[in-house]
Each structure stands twice: as C-alpha cells, then as structure tokens.
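Here it is, the structure, as structure tokens.
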Amino acid sequence: MSKRLFVKGNEAVAIAAIEAGCRYYFGYPITPQSDIPEYLSRELPKLGGEFIQAESEIAAINMLLGASATGVRAMTSSSGPGISLKQEGISYMAGSELPGVIVDIARSGPGLGGIDASQADYFQAVKGGGHGGYHIVVLAPCSVQEMYDLTLLAFDLADIYRMPAMVLADSVIGQMKEPLVPHPRPETVLPPKDWAVRGKGGGEQRVVKSLFLGDGELEAHNWKLHAKYGVLKEKEGRWEEFQTSDAELLVTAFGSAARIAKTAIMMAREVGLKVGLLRPITLFPFPEKAYAALTVHCKKILDIELNTGQMIEDVRLSIARDAEVFFYGRPPGAGSLPTPEELFEQIKKHY
Amino acid sequence: MSKRLFVKGNEAVAIAAIEAGCRYYFGYPITPQSDIPEYLSRELPKLGGEFIQAESEIAAINMLLGASATGVRAMTSSSGPGISLKQEGISYMAGSELPGVIVDIARSGPGLGGIDASQADYFQAVKGGGHGGYHIVVLAPCSVQEMYDLTLLAFDLADIYRMPAMVLADSVIGQMKEPLVPHPRPETVLPPKDWAVRGKGGGEQRVVKSLFLGDGELEAHNWKLHAKYGVLKEKEGRWEEFQTSDAELLVTAFGSAARIAKTAIMMAREVGLKVGLLRPITLFPFPEKAYAALTVHCKKILDIELNTGQMIEDVRLSIARDAEVFFYGRPPGAGSLPTPEELFEQIKKHY
Amino acid sequence: MRHDVFIAGFGGQGVLLAGNLLSYAALIEGKNVSFFPAYGVEKRGGAAMCTVVIADGEVGSPVIGNPSATVVLNQTSLDKFGQKVKPGGICIINSSLIDTSGFNRDDIEIILVPMNEIAMQLGDARMVNMVAAGAYAARTGAVALTSLAEALKDALPERNHRFIPANIRAIEAGAAHAGFEKS
Amino acid sequence: MRHDVFIAGFGGQGVLLAGNLLSYAALIEGKNVSFFPAYGVEKRGGAAMCTVVIADGEVGSPVIGNPSATVVLNQTSLDKFGQKVKPGGICIINSSLIDTSGFNRDDIEIILVPMNEIAMQLGDARMVNMVAAGAYAARTGAVALTSLAEALKDALPERNHRFIPANIRAIEAGAAHAGFEKS
Amino acid sequence: MAKIEIDEIRCKGCGLCTIACPLKLIQLSEHINIQGYTPAVMTSQGKCTGCALCAEICPDVAILVFK
Amino acid sequence: MAKIEIDEIRCKGCGLCTIACPLKLIQLSEHINIQGYTPAVMTSQGKCTGCALCAEICPDVAILVFK
Amino acid sequence: MQQVFKRPVSLKDVQTHFCPGCHHGTIHRLIAEAMDEFGVQQRTIGVASVGCSVFLYSYFDIDVVEAPHGRASAVATGVKRAKPDCFVFTYQGDGDLAAIGTAEIIHAANRGEDITVFFVNNTTYGMTGGQMAPTTLVGQKTSTSPYGRNQKKDGAPIRMAELLTQLEGVAFSARVAVNSPRNLMDAKKQIKKAVRYQVEGKGFSFIEALSACPTNWGTTPLQANERVGTEMCDYFKLGVFKNRENL
Amino acid sequence: MQQVFKRPVSLKDVQTHFCPGCHHGTIHRLIAEAMDEFGVQQRTIGVASVGCSVFLYSYFDIDVVEAPHGRASAVATGVKRAKPDCFVFTYQGDGDLAAIGTAEIIHAANRGEDITVFFVNNTTYGMTGGQMAPTTLVGQKTSTSPYGRNQKKDGAPIRMAELLTQLEGVAFSARVAVNSPRNLMDAKKQIKKAVRYQVEGKGFSFIEALSACPTNWGTTPLQANERVGTEMCDYFKLGVFKNRENL
C-alpha cells in the first residue's frame, strides 16, 4: 500500500494547495479552519511563497483578488462570519473573472452561533451571497482524501473557467483525521493567463475590472458569465452514486451528512431495505442530470441536511415532476450532529 | 384630492421612516440610494434623532444592531456592494432576533458593475446572503407610494417578528419621482420589547446575543427561527393580482419589472390577449399560495426579471406541477432596462 | 391626454431640472406624472437623461421605448437616441452643440434650437435646460408656459429663486424660438 | 474486527492526544481509522471529546451514537455520556475526579481508574490521558500496548519526545490498573 | 520668444491658467466649445515668456508650451 | 490579626498569589481539586497581615481577606 | 474581624472559563470595582466582543449586547446614541480591536463617542488558538508565525494607546498591566479614571490592559505573568498618553 | 522653437471625465511625470479605487487592477507580494482611504508594504454627490451635513498624513497641494520622492494631495482652487511628516 499520511481534512486542503502550485495564502484566523493557515504559515516560506495573516477577512479576500489578478495561484480560507464578510470581494472577483480558491469550513450560525459542523451556508455558497447574481464553483468533499482531491480540482476549475472556486466543508470533514494518499497534481491543460496584469513591458495594457459602463456592456458581460455557468452544468457536474441501481428510496446528502448517511444506508441494506445514496460532489454546478435520471425509476427521495432545508430546493428543481421528496434536517449546534442510528430510523420511516 | 407630494421613491422611504417613528439612521453613501441619508441628515436632527454617517457599511449595520438592541426603531440603507458588506451584521441581527430596517436600492453587478436598476440581488436578499441559514422579511415596492407604505410595514413586521426587514427596490423605483400621499402610520399592536437592553435598573439582566453553546441550545434556537418563518408564510404573504381571473398567460414580476410589465399587459389586453399579472409584494415570505391557486387554471407563466433568473426558482417551487414557466430576463446594465414594447413582444411570443 | 418626453444631454446641462420642471408644471395642472432620471456612473461625467410621462389617467411604465417627443442637448444624445423617436413624433435639438448633418429622419418633426447661444444671450449658459423646456412645452402643449413659470419655485431650491425671472425669460425665449421655427 | 471508542473530558486533560495516540497505533498496525475531535466554543474551556473508529475494512461514519467503549475523564462527561454506551459495551472512568455513586448501569462493564493519582505518582498530572489510553488498549485489545508506545513519536510534537519514556510508564500503569481491575 | 498652444477642445474653461500666468496673458473666451465650456485663449502670444506655469496648473493638460 | 480564605474549588492553581504575598505565606498544595488543579493553601495563617495583595492579584477572585 | 477584600457586586459569583493565570479575570474584576465605585451597574450596557471575553454577560451582572468580531465600538456607538444616559463600555481583545476592528475603533474614537473602551492586549488571538495578532512582539512565535514575527514581512506591533492619542475625539488613553501588585494598583486608578470620564461626559476614554495568555504562549501562569512585566512592558510602555483634563 | 512642456507618456492623450477645475487631472499628470522620470511605466501596476478616480486605466497607460471601495491597499498588497519587481501604487480618495478603507491603509502601512499610496483629499465624497467625508472640515456643509460638520457629533477631520507617521512601517509621508504654481512645484518634488522610495525599495510611501471639488463644494473652479490654498491648507498643513532617509 502506498504511503499513507494521517492528517486532518484541513491539513489535506493545505497539502493539496501546495501540490497545486499555490504559493500565496491570505487569511484571518477563525475556528474551525485555523489548521489551514497554521500549516501554510509553516510551509509556504520554505517554498518562497507568501503567507499573510491579514487584518481581516475583507483584507484577505482583497489581497487574494490582487494576487490572482497577477496570474498566480492563490487562496484564502475562513468560516461563517468570515465568509459573510468576504461576499463583496467574491462578487468583485466573479465580476472581474478572477480565479482563486476560497475554502469555507462552515460553522453554525446565524450570527456567532457556534463552531459545530453546519451545512446552513449552502445557499450563501451556491446561490451567491454577494450582490450581482454571479455564481462560483462549489465543491463538497466528504473525506480527508476528497479534501485533498477536490482542492486540486478547485484550482484547476478556477483557472479554466476564470472564476472563484470554493471548497465547502465543515468541522466534521475539516477536523477529522484519516489516512491520506497525496497523489501528484493531475496533468491538466490550462488556458494561458493572457489577461493577468504584469506591468505592460511594451505589450498591451491589461485591466482587471468589474465596472462596465458602456451601453449594453454590463448586460453582455452578465450573459457571458451566465453562459459559462451553462458550460459548467454541461461538463463539470460530479456526484457519487452508492447502491442506487435497485434503490426504492434514494437518500441524498452532501459532505459530512452524506458521510454519516452512508453508514445508515449500510445498516438499511443489512436488513434488506433497498436504499441508495446520491451524493452531489459539485454543489455548483448542481448535478441536475443525475437527479433527473435516477428519479425516472426511484420516486422517493430522502434529503438529509445539517440545516432546516436548503439543498432540497435544488433537489426539487432537478427531479422528475412526479417524484416525492422527504426532508430530515438537523440545524447545527452543540450536540446536534445526527448519528448513523438516527438516520437509519429516518430511512425506515420513509422507506 | 388630498395633498400630493412629488418626491423620489427614496425620499418616500425616508418620509415613511420618520412617520414610523424611526429616529436613528446609520449609513454610508452609495448611489443610487443617497437621497435617503441626505433627507434624514436634514430631518432627524430637527426631531431629536441621530443621523450618523458611518465610516463604512459594516460600521453602519453594527450601529443599527446596537441601537435596535436598545429597543428603538432604527434603520440603514445601501446598495449592491454595501449590502454585501452588511451580510455578517444582518446574520448577527437575525441570530439575535433584532428588528431593524434595511433598505436596499439595488444596483447592477457583480462587483462594481454599474448603478442601473437591477433585480440580481433577489437571492442575496431572499435566501440569506449571510451565514447560518436565516431569513429576513423582504418587501418589494413598485411605486413611490408603495415605497412609503411598505417602509411603514417593514418597521411593523420587524418589531412583530423580531427580525430584520428589508425594503428591496432599485433606481427605477428609488430615483423615479411620483405623487405621494403620506398616510399616517397605521395603528398596529406591537409586542412589548421586554428583551431590549436598557441598564438593568434593578430588573433582570438582559442579554442580546447570537451565541448559543449549551447542548441543543443552538439547534432549538434555529428551529424557533424556522417556526417564525413558517408563521410569516402563513400570515404575511402579500401580492397584487391584475386581470388574472380570465388570464391564459400569467406574467409574474416584482418591483420595477412589474411596473413596466403592467403597461405591456395593458397593450396585450388592448389587442384582446387574456394576460394577467401576479406581482409578489413580499418576496420573503414568498406568496406561494397565490401561485398554487392561480396555476390550478392558468398553466402558462411568463416570469420577467432584471437578472438571468432568480425568483423563477421560487415560482417553479410554488406552482402546480403541470404548469409551464417561461423566462425573460435582462441582466442589468447601462441601456438594458426593458421597455413596455419589448415585454409586449415577449407576451405575444409565449401567449 | 397623454404625453411622454425623453430629454438627454451630458451631466451639467440641467437635463434633470428640465424634466422636474415639466413634472411640477403637470402636477400644478392636476395631472398624474412620473419623472424617471438616469445618469452615467455614480455621478460624474457621462450622459444625463430623463423620461417624463404626463397623463390624465394612470401613468403606467415610467420608461418608454419609443418616446413621442425627444429633446437632445448634445451630440452623443442625438446619435444615441435620435433613431428611437416614435414615428410621427418630434425631436428638439440643441443646434448650438449638435451637428445634424448625419441625422436624417423624415418620419418625425425635427426642431433646431440654438440653446446655448440663446442662454448665453440671456446671460447664463446654464439656462440651456430652461430654453429646452420652453421649446418643448410650446411645441407640444404638454403643459402651459404659465404652469412652467409657476413650477419654477417648486423645481428650484430656495437659494436659486432669485434666478426665477431670468429662467422665465429663457423659457419664453425657447418657446418663442420653437414657436417661430414652427410656422 | 471493528472498534469504536468515545473519549471525553475537559479542555486540558489531553483527550485529543489520547485519541490521536490510539489512531496512530492503529495506523501502525495497518488498520483503517478515523479520528473525530470535538470541543467547546472556539478553543477555551468547556468539554473536549473525540471518537476513534478503528476497522480492518471501511470505517464509515466518524461519529457514533452509541459507542461500544467510552472513556470519561471528568464528572460532566460521565453525566453526559455515561448513558450512551452501547449495551454490552464498557465505560472506563477517571475515578480521581468522578463520583460514580449516581451512575448505575448493569448492562455495561464499568472500569474505575484513579487516573490523576496514577499520573501524579508518575510525576506529571498531565499524563492522565496516557493512563486512559493504556487502560483502554489493555482492556479492549483494540491496539497493542507496543503499538501505543511506538505511536508516541507520531502523536507527540518533536519537542515533547523527551517525555516519551514517562508517557510509556503512564500507559503501562493505566494498562496494569485496568488489567488488575479485570481479574 | 515663446508660445503656448491651448487645445480648445480639451479645455474645460476652469480658468486656473488665467490666474497662474504671471503676466495674466490668458483669458476665457466668450464662445463655447463642443463640450459646452468657454475655453481659454492667449491674448497676446508675443508677450509669453514660456514659463509654462499655465500648462503646469492646467488639470486637463490642455496647454502645450514652446520656447 | 488577619486571615484569608482561599476558595479551594474556584482556585485554578495559577500560583500568582504565591508570589504576590510579600511574606510568601501561600503555596500550591499537592492534591488536586475537582477542576483538576492544585489549589493554593495558606501555610501560616497567623502571620497574615491582611494586605490583600494575594486577593488583588488572583484572576479568579478565589481569595477573601478579613482583618 | 471584618472583610477587607470582597468580590465586587457588579461581578457575578461564578467560576470563569478562563485558563489558570489568565489576566482577563483580574481585568474583569477591576472594571467591576470601578462600576461599583461609581454606582453605574444598574444603568450600564456592556458590549461584548468575540474572543475569550465573549462571555462578558456570564460574569458581569449587567445588560450586555454581543457584537460581531471587531465591531464592538460601532455597536457601542449605536447603543450610546440611543441611550445617552447609560454607561456604555466595550471589552475587546487585541485581535478584535487592533486587527479586524481597526476602522471601527479609529472612527468611534475620532467621533469622540462618549463610551469607555477596555482593550486587552495579550499579543495573540487567544480564543482561536494563539495566532499572530497585530500586537504580537517581533520574534514572538505563534501558531501562524512559527518562525517568529518578522518585522520586514509582518510589520511591527501596533501601539494602540499611543496611536489613538492622535485623534481629537480621544479624551483619555492609558496603558496598564495587572501582573504585579504595583502595576495592578495603578491599573485600578486608571480604570476608575476612564469610567469617571464617561460618567462626567468628558468623552471617549480608552484603557489598554496588558494581559497574559499562558495557554497560547505555551508557558506556565507564572512565566506568563513574568513576561508581561518584562518583554511586554519593554515594548508597550505603561502610562497615561492622553488626558484631556491636563490639556 | 522646441516644446518645453508636453504630456507625459505614461498619461494617455484623452479627454478626462473630471469636472472643470478638478485637481484629480493635475495630480494624475504629476504622477505620470514621476513614472516617466523613473522609467517605471512598463513595469507598473496601478490599483484603482472607487471614486471619481475609478477610471485610472482610461488615463494612465499602464496595467491596472480595480479594487473594491476602500480596499486598494489590500489589493496592492496582494499584487506587490506576487510581483515584487513591479512598481505598485494605489490612488484613493478620502472617502475611500480614510473612511471605509481605514483598516486596510493602517495595516498595509504598518506592514511596511513596499507600495506607494496617493491619497486625494477633497474633503468630500465626490463621485457619490458630495457627502461628508472623514476629512470634511468642521462647519463645512455637505449633502449629509446640511448644517455643517459638527465636531461634537461627527468628530474632527482626520489628518491621515500625520496619523500614519505613528506606524513603524511608513517610510515617507507628505501632504501636498496643486492649487498654485508654488505648491504644485513642491508637490512634484514630493511625488517623485515617494516614487523613488519604492523604486529604491525603501518601503511604504504616502502622499496626501489636497484637491478641489468645485462641483460638490458648489463653487466655481477658481473659488474652489482658492479654498484649497486657504481653509484647507490652514487645517491640513502641507509638508513632509516622515522621511526615513532623515531618521
């Protein structure tokens, strides 16, 4: 068996960022993601990179904007309140078509709330919490290994589509330690960054901006972004199917909830219940096709989220019109993390 | 005819705020809402109130949080980038169950974008742009008179449900001048603010906070908020129906788009097309019932928005399963505001 | 009766004031009215435009695709909006700053008014907008000149009321000129 | 084979280190493992807990509703989690700080270990977690004591490697005590 | 001998050059330019010393100076 | 004559009082309290002058002083 | 024999969650004593910040509003403007006030808001696990400055008590420490003065209190206490930097 | 006869959107001249802020990144760290830098980022229509201080050039004006010095340029220009406040 590290999900993100060639990190401390800056503050200087602990999340996202504008791979990470503060900057990056990776190890809210695992920031991440009606790529890992793999993917998608990409997890996935096999970065053909500012050096002037005032310019710009989102839906939707072929009840969940649900599904299979799991890996683009396809036959879906119901809207918008959706949610907070036993009960209830 | 003022929509908001008993304004300049602070900076001092031009939108929303925590009626206003910056504060207010009115005269984005009329911040306002999966009341006026009426309503709903309430408009409604009849504030029974900090004065200690760490506390708090949202959907949904009774095509739009669409519908009626308008006045709570009811008979809906498609998701989630939804959107920008003539063409196309 | 007019120029030419003036005049005449302004980025430079809809009944949409009357105060405005005038409508042009050689529409009525010269003659270049308002009112009868004159105190901030007489002269000069052109 | 254990105490008792140690030991033995920590607000005060799942095959959910083994280092942890132990499971209790009079479950095996006293005797109160790890390993055989000892260098930061011998003594003391209790 | 060239199209008629010129050789004209401003004009080119202060203070770089 | 009372449950054994006491009358005990700390103990109550410096410096208000 | 040292009534009789040797507890007590002395407890509204002191309401027997991280002085501005007769104070850590809250503190101070700000400088982010703060000393190792704070890259530690004196709105600014009986007695004096300033409507008063964080400094409580008096006081000089009464 | 005054090559030959008599144009030109003098145009990355100067890229013939309102110095930090060999500057208004951007400028300065900041102080928010700025003079009427800035309520105008000198990271800080040939010639000198500081890697350099806003001041260009030399210079003293070379 190839060498296994034993690290936290958060550390896997940091290790992947370095493997992805990211040498610039800008962030501000917040639980439960601090392992990321702590790891990178140790490693980046050794690689000639820059680690800056910014004065705030707002400064951090704008340093990221500046660094990304020069064409380098760069990132930031935060959680709950910090991600809210970054919304303006994320909107600017989306409007300026800048890549850049944002890691959100979500915590419970609203407000200060708590630091427990949460999926209540699905809307913020997927619908665009900032102004202007943009979208960003949103990836939802469910294991330490996926924290690594999807961070690599986030950097590639960000560069390919010239938009921010978010890795959305929570303390279950971020704080959990598991064995990790750190594969080398995949070979991907990336478009040249011929838009990046660099000091003209006799060449064309380059401007990175989101202000468009000419008649029809901004509308055209928005349609252009919209078209990109269409391509993403076409080509980049990713999901995991687990025992779905003969499923009479389809459980759907992402990230930590999916991880717990999987064990519940195993329990169900053990007692002969035909239950399967559809786990979206890309939350944006949402894997609509997978839902449409699976609900042609399976008409019962149990959506499980660590919130009061958010992804369920995209599920309902994606499934066959005659399929039925049940919901089981646990809004996050101390002691509110569901157990496999608990989810197994829900499966029996709706089977 | 009772006395008519001739004012901008923005001024109508400011006039209504004063009529509502709001004496505290905290804001930061941004086009196209500056008429609101400019008006209040003139009038509030005369009434013994406080107008503070904050150092930023973040400071402004937090001053609002502080003032609201003492039980007074207070407000802020902004647009696009500024509203994005307020997301953390809005989440804290929602988590702390604080009332408070936020006026969003939306502008085009993403990023700096432009200052033209936009409805691209529907998701941000309605799904909760901040962290933690909360909601706020969102009202969408479509005339100067409604800017006044709905601002009064916003203050009442905020106090009754102890949550922030937003008046969401854009430069069409905010900058447009029309005659206004400033009705006196309606008599409403409001719950006592027995939660407001005031200096114990021998009484119980009062704490306004959103941090809940006890086992199960935060989850219970989130379910409590969720229950409030349920009551809102039950009791507070508001909408306008225009010539819907015999409609074979139902146009749905809010705010400025609805205003333009109405003229298009008149044009359609003139040529004998049976077209009606369903205009949501409350975006949260979304008037689901109205859509369900009307789509029992009318199976064709044309959703018109000044964006690439946001409210359409709530429309699709609300209508009868066999109804069909068409979309016509103009993402905002200089010269992209649709004309009645243009919308009339769309009506003919989908009729 | 229903009148809609689109007025355009560059920031500083007082386009919005002209629109306001017409609106207040309509209000004085007991009509319904919507005044919809639009300008370039934030506040500086660029174009300034407004649409005024005056009606006895409901106003409806505050924006119009093909206005029945358009008043343009600078070149770019004509280039941009000249073609949008509704067939059969009228276009009032500030000939002081606009070269109309490239503008040929025979399906609308074109009225040339050297607004800057007229304003300068009356002593203040900034009164271009008054000249324009006068010309429009005189030509379309949307509102009476007397209403315009009366509306000045509503449209102008207190501190500028001393300019009212001069403004009235500008309005009349514009009206006279448009009137003259007419016949 | 599959082992899951839940360890709880208050911040500062080294609960997380104990869990880590067990995990590294499992790794050394070539098993799959997930270590899931949890603590009170941000970092200060409050409770510290962790769940370790050790399996030859797939680990599955990192959280468990009813763990087959639970180790509690302080009173509140017993009060909160004592009832959750799966019937037939075991509960290892730090009797130095915990009054078990109120805790009566006859469907599980209860093991009392005066962890603080043992640690203090070995010269450092902070080794309570090592005593606990030793006791758990000895009692369940989830991992071998030798693996625990070997895992110390992975689990401890370089600068604390000098404490390894002392920690090994603590692990063995815990094991011995639990072992002794056993018979 | 020296001379200045005022770009009559770029000039916004702010008048700063008229006070910057030590010899007060520049004035604002009566007529308006395409932008709608009354541009500055050199009244007596002959007297210009080419000190370039008018050009220095011009916010619109509307003045070039030759010597 | 004076005396101090150390709240042995509240005490976190930080030891600040042991250095604050001018006569060094306070020490940390061997045994651990319910919180898991080794609380401070007064070694010779008789000598206490009631200066209250130990109480002043105690971050946990675990010492009361009588005189 | 009567009690010569007792717990102030403004401070609840409860166990705190602070680590052994943390000065937050001491600073809490001194503020409570000052509130008792001026009899303001019943009309006080405290503004808690996000940091190890977030549980202000659990320890002070007063009304409290919890502010988002860094925004306490903006929240306090809203509170004070709406309740001018209340005694309003904020209690903020160095991450909270000197990093993310920089704009809010500078402008609240510049407006001369009639509030009192207690700024606890422990040269680190305590609650989140000891990351580098704007006040971290040059060379100090933290979880995000593992090689020690590097002045060239991270800049020098910010001296807030001095910086704020530049703003007209500031009436009183002092830096204190509670590591030794001597410093503590002076801290008492300055804290009372800061409270009195607001009670007398003299304007914005600011106390920077140096504090120990043994947990994140990785030292014993005694070593941490020692460091406050040595390294910290060397760079962060104690004293009164602005006092409108003497102007 | 040869040309003795010409447009700097770093400045595009286009009409600006600035109002008549606005000093932004003059300040643009002086910066362009300095860029020409040090031959940095081809390796310059400018960071535009949100304000009347947002169109930086339309007027300077250089690469430009547009920053969100107030965040230019954070954006510039990201740019400079990634491109240490480029000449990186920000151009920010007083609302942008002294209000919403307070934390970003203070911390970029404190870190001693090797960038040059041009701060244009016109005592108002120009682009949004003349609201009160942190630099608005006491008594000055603006669209949000209709009764004049009230020091008791709004605080006193902030003097950024002086405030920043408190921060170790600041190498050079000066305030200049361009209202008269004399002030303008000195402004030229200081602006070149600020540019040279970065070229020589001396650290963070800061220029505060007083500027006229006739449009929002409601004056003629000449009156506005006059005010800069009188009222503004009285409160905002011109001069060099910090110069590491002389330390």
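Each chain carries a letter (A, B, C, D, E, F, G and H) given by its place in the written order, and its residues are counted from 1.
Definition applied: a contact is a pair of C-beta atoms (placed from the backbone, for glycine too) under 8 Å apart; a residue touches a chain by one contact, two chains touch by 3 or more.
Keep in mind that what you see is a predicted model, and the values were worked out from it rather than measured.
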item: Shortest path length from chain B to chain G (each step joins two touching chains); value: 1
item: Both-way neighbours, i.e. chains that touch chain H and touch chain G; value: A, B
item: Chain pair with the higher count of C-beta pairs in contact (D-F, A-D); value: A-D
item: Whole-Å gap separating chain D and chain E, where each centre is the average of the chain's CA atoms; value: 86
item: Chain B-chain E separation of Cα centroids, rounded to whole Å; value: 53
item: Chain centre separation (chain F, chain H; CA means) in Å; value: 59
item: Centre-of-Cα separation between chain E and chain C, whole angstrom; value: 34
item: Per-residue multi-chain contacts in chain H, two or more chains; value: 18-19, 54, 66, 68, 99-100, 102-103, 106-107, 111, 127-129, 134, 153-154
item: Multi-chain contact sites of chain B, meaning residues that touch two or more partners; value: 31, 52, 55-56, 58, 81, 88, 92, 96, 111-112, 114, 116, 209-211, 213, 215, 334
item: Residue list for chain C, restricted to those that touch at least two other chains; value: 12, 40-43, 46
item: Residue ranges of chain A in contact with chain D within the complex; value: 1, 4, 6, 31, 114-116, 171-172, 175-179, 259-260, 262-264, 266, 334, 337, 339-342
item: List of chain E residues in touch with chain C within their complex; value: 30, 32, 34, 36, 38
item: Complex interface listing, chain D residues touching chain A; value: 20, 23-24, 27, 30, 32-38, 40-43, 59-66, 154
item: Contact footprint of chain B on chain H as seen in their complex; value: 50, 54, 66, 68-70, 95, 99-100, 102, 125, 127-129, 131-132, 134, 143-147, 153-154
item: Touching residues on chain A, where the partner in the complex is chain G; value: 28-31, 34, 37-38, 41-42, 45, 51-53, 55-57, 81, 111-112
